[in-house]
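Per-chain residue numbering starts at 1, and chain names A, B, C, D, E and F are given in the order in which the chains are listed.
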Amino acid sequence: MPIVQIDMFEGRSIEQKRAMVEKVTQAIAETANCQAESVTIIIREMPKHHLSKGGKLFSDK
Amino acid sequence: MPIVQIDMFEGRSIEQKRAMVEKVTQAIAETANCQAESVTIIIREMPKHHLSKGGKLFSDK
Amino acid sequence: MPIVQIDMFEGRSIEQKRAMVEKVTQAIAETANCQAESVTIIIREMPKHHLSKGGKLFSDK
Amino acid sequence: MPIVQIDMFEGRSIEQKRAMVEKVTQAIAETANCQAESVTIIIREMPKHHLSKGGKLFSDK
Amino acid sequence: MPIVQIDMFEGRSIEQKRAMVEKVTQAIAETANCQAESVTIIIREMPKHHLSKGGKLFSDK
Amino acid sequence: MPIVQIDMFEGRSIEQKRAMVEKVTQAIAETANCQAESVTIIIREMPKHHLSKGGKLFSDK
């Protein structure tokens, strides 16, 4: 019953998200040895000024 | 001092959220044996294409 | 399909956790108007020195 | 490689967020004894009716 | 810069986790169209009595 | 009422954590213009084989 949370920049299309959850689910099912049906994925989007690395917002890089 | 995060589909009214945090807080206080005042709840909403089960987006089900 | 994450101090018994997930699930199903079967809850435990309020660890209060 | 998630009320300016990630990164690097460059921070914003304390939404307080 | 959090039952080997992060990273890089190097993954493990579905702990199922 | 979650490698002392929550709280209070008393921080620790960057576990780097 893996629960996956993905925080990423906004801007991906529905098609990209559809492919992403399909492939990530498959990757987890294969490697964690569980059923694909048991994998839950939450996607959250953020603007570039809501993520920082090294103390710097990505909107400033 | 339980901290609760609830990710759910968008679309509930303020009245529903008000009732939800009241009842969830009460449920935790009673069973975890702590004061209701110490329970914090964060609500996050998502569209149906931001949640998947079994590799399939809920917007596609 | 609400997904709930509860971070709380360690020390509750299995009986308390069993009651907690039952009552929290019921509280969400009733107020968010969804099926109890669709509610997922993750519990995480922490020692008192892993939570702070106002800049002070709970182990120091 | 600390990963930090900050959930807070909406309404802060970009300037405030820029200062926040800079200072929080510095605070962690100094105290956890790691490089500032390795600190990742995610900011998430919520309206007042998405946070509760003691079973009461902040929009109702 | 996707940040991924995976909560799953304890019990997988290091080899399984190594394969999991490799394949999940690749799946995200391909579908979200970003560099594999930018993908961060956090794994968290839990016992069966720390997850519930439908109000029932997995240790009771 | 900012709620902060910090995931980091295990191994820091209580003294380091005490200093960390004090300084991070102060950094947020100053920049987000809120009271220090309203800042909550959760610390979570992980071993090096529970974090990956670029598809590689830190225990393998």
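Please note the rule applied: a residue touches a chain if its C-beta (ideal position, glycine included) is under 8 Å from a C-beta of that chain, and two chains touch if they have at least 3 such contacts.
Owing to the predicted nature of the structure, the values given are computational and were not obtained by experimental measurement.
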| request: Mind listing the chains that sit against subunit A and also against subunit E? | output: C, D
| request: Using the contact definition stated above, find the chains touching both subunit B and subunit F. | output: C, D
| field | Chain copies touching (subunit B, subunit D) - same or different residues, decided at half shared | value | different
| field | Chain pair, A-C or C-F, that carries the greater number of C-beta contacts | value | C-F
| said: Based only on mean CA positions, could you tell me how far subunit B sits from subunit E in angstrom? | reply: 21
| remark: Distance between the CA centroids of subunit D and subunit F (whole Å) is 11
| query | Taking each residue of subunit E in turn, which ones touch at least two of the other chains? | reply | 1, 3, 7, 17, 24, 26, 40, 42, 44, 51, 53
| Which pairs of chains touch one another in this structure? | A-B, A-C, A-D, A-E, B-C, B-D, B-F, C-E, C-F, D-E, D-F, E-F
| remark: Note: in the complex, subunit D contacts subunit B through residues 7, 44, 46, 49-57, 59-60
| Touch list for subunit D against partner subunit F, complex | 1-9, 12, 16-17, 19-20, 23-24, 26-28, 30-34, 51, 53, 58
| message | Can you tell me which positions in subunit E touch subunit D when the two form their complex? | response | 1, 3, 40, 42
| Across the complex, what residues on subunit A touch subunit B? | 14, 17-18, 21-22, 24-26, 36-45
